[in-house]
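Take a look at the structure below.
For clarity, chains are labelled A, B, C and D in written order, and residue numbers in each chain start from 1.
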Amino acid sequence: MLRIVVIRLIQAIPVLLLIAVMAFILMHLIPGDPAVVIAGADAGPAAVERIRHELGLDRPILEQLLSWLVNLGTGDFGRSLVLNQTVLSAVGERLPVTMSLAMLSLAITLPVGVFLGILAAYFRGSWIDAAVMTLALVGVSVPAFWIGILSVILFSVTLGWFPSAGYAPLLANGPGAWLSSLIQPAFILSLFQIGFLARMTRSGMLDVLDQDFIRTARAKGVSEWRTVGRHAFRNALVGVVTVAGIILSLLIGGSVVIEQVFALPGIGRLVVQAILARDYPLIQGTMLLFGFAFVVINICVDLIYLWVDPRVRYD
Amino acid sequence: MTEAPIVTVRDLVKTFPVRGRPGEPKRTLRAVDRVGFDVLRGETLGLVGESGSGKSTTGRMLVGLISATSGTVELFGHHIAGGAEKGALNKVRSRLQFVFQDPQNSLNPRMRVGDAIAEPLDVAGGLSRQARNDRVQELLELVGLPRSCGDRFPHEFSGGQRQRIGIARALALRPDFIVCDEPVSSLDVSMQAQIVNLLLDLQEQLGLSYLFIAHDLAVVRNISTRVAVMYAGGIVEMAPKRDLYAAPKHPYTQALLAAVPRPVPGRARAPSVAGELPSLIDPPKGCAFHPRCPFAFDRCRIEKPRLNPVEGGHAVACHLHEAGGSGTSAL
Amino acid sequence: MTDLALGSNRPLELAERRRFLALRKLAAHRSFKIGLLIVSVLVLAAFIGPWLTGIDPTSMRIRNKFKPPSDQFLMGTDNYGRDVLTRVLYGGQLSLGIGFFVALLSGIAGTIVGVVAGHFRALDAYLMRVMDALLAFPAILVAIGIGAALGPQATSIVVALAVAYVPRTARVVRASTLVIREMEYIEAARVSGASNLRIIVKHILPNCLGPLTVQLTFVFAYAILAEAALSFLGIGPPPPAPSWGNIIAEGRDHAVEAWWIMLFPGIAISLAALGMNLLGDGLRDVLDPRLKIES
Amino acid sequence: MTRVPLLSVENLTVQFRGDSGWVTAIEDVSFEIGAGENLGIVGESGSGKSVSALSILRLHGRANTRYASGAIRFGGRDLLSMSERELRKVRGGDIAMIFQDPMSSLNPVLTIAEQIIEPLQLHQGLSSAAARRRAIELLEMVRIADAGRRIDEYPHRLSGGMRQRVMIAIAIACQPKLLIADEPTTALDVTIQGQILELLRDLQREIGMSVVLITHDLGVIAEFAQRVLVMYAGRVIEQAPVAALFNRPMHPYTDGLIDAVPKLDGDLHRLTTIPGSIPDLATVIPGCRFNPRCREAMDVCRRNAPALLPVGPDHLSRCPPRAAARGAA
């Protein structure tokens, strides 16, 4: 088990490196000179040149890339150009917000999505199936930020049930305030994912229900609920785990927009600000963080496969 | 037997690497192990074996679909595997064809059957549109299908008809030698007989040679001139048809013959041979059949028998039948 | 050879009925029909509707501003007094156009990458590593990055989103290619000496088309949603030319007092995505009931 | 015909929902099977042999299947009109079933133990410890070596032959009165097929159950069955004791089928064939369904659907011309 984790991590190194290089290239594609941004509109060319030199931006691109990669190796992610903070501390401050949002949203998505998917598969072809699938379809078709704004108008502005914006840290404000600051964005964020997961779970279940061993189970006298819940779901779980991994990545992407709607000070907001301000080190750092998260999620998915699918466990 | 064989295979070996768990050493699967045989003009060599015997891999190596790990394949005097000059395969390609097992996926579902049949012609080039279409119609008629059905799609045909289309495609360039890889295994009995007869008729008309691969001995009996039996990658017995069915020498051939269920009610059935097919990654030492063989003795567990001629074109790889041995009477 | 001739031609005649089965199945598929209806209506509205109303979507009449929906302004007016209905109709041209071209571009690029990776196994590891690395960033972030790099224009949004969806499309095509290349008809082509190019063009591509089309309808839907999200973040097609996304973005500031400005374009987006998803579901059911599509 | 049948299928017609309406998969199928008897059902693809077998336990997909007419009597009750709940007690209890493809018929994510124990707990209410002991016994009965260790493995670790043995162990777990075996050897290698057939025959003797064996292989039928049903295009076309069927087939299709089997004796160069193709389900053929392929077809065969007529002791054939010839002889 541990050996597999280590091997997967080693295998992930080239991907991480590639991610780092791509993050770097992507950033240097962005037109606009951060030195100009920092120096301010009325700074003279000499001042801009001095800042550029201080930041090392006057060196060849390849050299910049190499020195950045070398620094990464020592754990130095660089300093933000505009925040007057190291990248690590800027990210560290905002990570709990995004993590809280993503985890809460995942906690809503997984049970609801899987349950709806199984329900639809069990009642395939009936009105229950049709209703669940229509709901799921609406979930994946409605823009989250739009529903988010409407939801704020209804629940925060009109009804006053939840705060309309801002984040209440768990440790400082206690779980009640924390939850009430996050429940609305987390739920909105889950809408798409629930629809997605329910659709994938249902189609995975239907695939499995078509297979010979399901007929074997019925021929043994196993009840329909048990056939669906035990024989079929255990097999469909492999697909569900994959989808759950995708969903976690999607949640992180979705949080970029939702954090904007609910003014949550998370990574998503940070990265958008950084991109708009041409803050290279910060963008590269956050991109790398996303890449790393992706790699970790994939390793987790692989490990869960080992647990779920005996064929993978042995071969 | 003065004529030179059109196909000569010697010491043909194919191994595949097997991916173990991450971090474990790589292992190899020995699919074909030192196989050798000849095919003469106008004859059919039946190649029979169960799953994992290496029969299909051997057939695919003959037409270059799989490259050999070692050994030689000589077709019409050109070496195509093992120390071959590059491009040798292209020189003999048009004389060489393959008929596949599964009529379900041996035809592209999105391609009209006329185009499928014409594919070898189109690749070879040099035919006018008219000549090409005429040839397609001729081929359709040759395999017993209506001339007009070339613009239909595969799903409009039954399994037997699709197998006829596959045969028509194989005949397009007037080949001399066709590898038939279990061409009737996935067909119903009444269709099987039609296809076997079609292949026999075509052989007579066109002077074809076949390597006919099958998984049981009954199917190849009608079509073969000689039969080779494979087990775990190697040929264990090879003989003219009459000898093999009348006097099988290898215990595995005997078991395989006994295993064919016969449509004769009330016939006492010989007990089946025990045991499972061997692993190719970790094969038994010595003779691969020894764990299942009722006659196995010490030598069989240690030394791998070679295919040795015994009499009149009959060869067997069994320590019971080695030159000077008195094994035959022991059976 | 008399006994080889077909006993009758009946099986062949019969098969005739199966010939256009896929089309007839589609015509009978309920969600496909609903999806087609929704998408057709939206496309017609976007491209013919403005021509019927004859109002300029950018003309401002400040004294008409913030008019709620009424007989005169079916969807009300915005903060500059522009007719929201007209803007939603025109916005459809831009939003649907972006969706279409994103699907087209990512379809072409994804097909090339997917087929090459699936068919030439030696290149697979490298190509898919790059795709994986690209997948590591949430699609919206890739689009933000590229969109910011190329500047605020509709074309840069198309390029940004197309790049973001290439890995997903490539994966679908690659997966199909991997299945198809194991088919015996590929071996048959090889035995006949067919080149890789011929195998790809004649055998692999036609058989990838089904799953690819399904995937692209979903990409179309995602692209419409993503365009809106990008506009909302301020990186979308720039005003004053309307897109569904930037109408919402502009209306957001007045969401409380003039809810209609952002309500209607949001409904349009939802309908368009819904319609494309329904189309995709229908195609998937008919083209390949066992097909799995990832996001 | 004084024997009391264990199971009798009466005039069964089953239809499936096709792309253009309902198609009839089997029509007017009747047969019975006595206690301890071996009944073989033989036919090619599309003959309806597997459809008949699956219909006994109503294992077809519920939404797309219609049991249009007929009854299946078992122990004084009609399986077709039973509720699902009642039927589940019969499934895997009194009537068990094994299938063609052992590779896909076992659940890949459950251990062998879990899969054998399931029917034991469902039908016999055994405790899990007792069920496990019994499961090991069952594996030993189907001659799996080292059963105590093998029982905790997953199916993918076993060879095809082993998996089919496990399927058989599951089927006989509750000592069924009837075992339906749907092409149990088709997917296996030749030398393994024989082992499985021998095992089935031995177990049948031990347990005293009846077996319905469905196969396309006349050789398997000849070796295993006592009585045989020959099916073609959804109908029973001949029914006879095994010796009579092979020695005096009374339907041209049976003739053709026996002749088409490749044989190991006799010096034939060419095989005798049945011309034409097997019709698919949706094809409507007026008169006798075999007439387009039949060398002996007469005008009457193209006009009238033939009835299943007695042509000898316990011997029925759906070929009136042959029956008439027999009667005249």
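Odds and ends about this structure:
Here, a residue touches a chain if its C-beta (ideal position, glycine included) is under 8 Å from a C-beta of that chain, and two chains touch if they have at least 3 such contacts.
From a predicted model like this one, the values you see are computed outputs, not experimental measurements.
Following the contact convention of this document, A, B is the list of chains adjacent to both chain C and chain D. Taking the mean of all protein C-alpha atoms as the reference point, the chain centroid lying nearest to it belongs to C.
Separating the centre of chain A from that of chain C, both taken as means of CA atoms, is a distance of 23 Å.
Rounded to whole angstrom units, the spacing between the C-alpha centres of chain B and chain D is 32.
Mean C-alpha positions place chain B and chain C at a centre distance of 48 Å.
The centroid of the Cα atoms in chain A and the matching centroid in chain D are 53 Å apart. Chain contacts: chain B has residues 158, 161, 194, 197 touching two or more partner chains. Touching of two or more other chains is recorded for residues 3-6, 11 of chain C.
The multi-chain contact residues of chain D, meaning those touching 2 or more other chains, are 273, 275, 277, 280. Against chain B, in their complex, chain C makes its touches with residues 1, 3-6, 9, 11-12, 15-16, 18-19, 183-185, 187-195, 198, 202-203, 206-207, 209. Put simply, chain B touches chain C in their complex at residues 60, 63-65, 90, 93, 96-98, 100-102, 105-111, 116, 119-120, 123-124, 143-146, 149, 152-153, 155-158, 161, 166, 169, 172-173, 194, 197-198, 201. Those residues of chain D that touch chain A in the shared complex are 54, 57, 59, 63, 84, 88-93, 96-97, 99, 101, 104-111, 118-119, 122-123, 154, 156-157, 167, 170. Within the complex formed with chain D, the chain A residues making contact are 124-125, 211-213, 215-224, 231, 234-235, 237, 308-311, 314. Against chain D, in their complex, chain B makes its touches with residues 50-51, 158-161, 188-194, 196-197, 200, 215-219, 221-222, 245, 255-267, 269, 271-274, 276-277.
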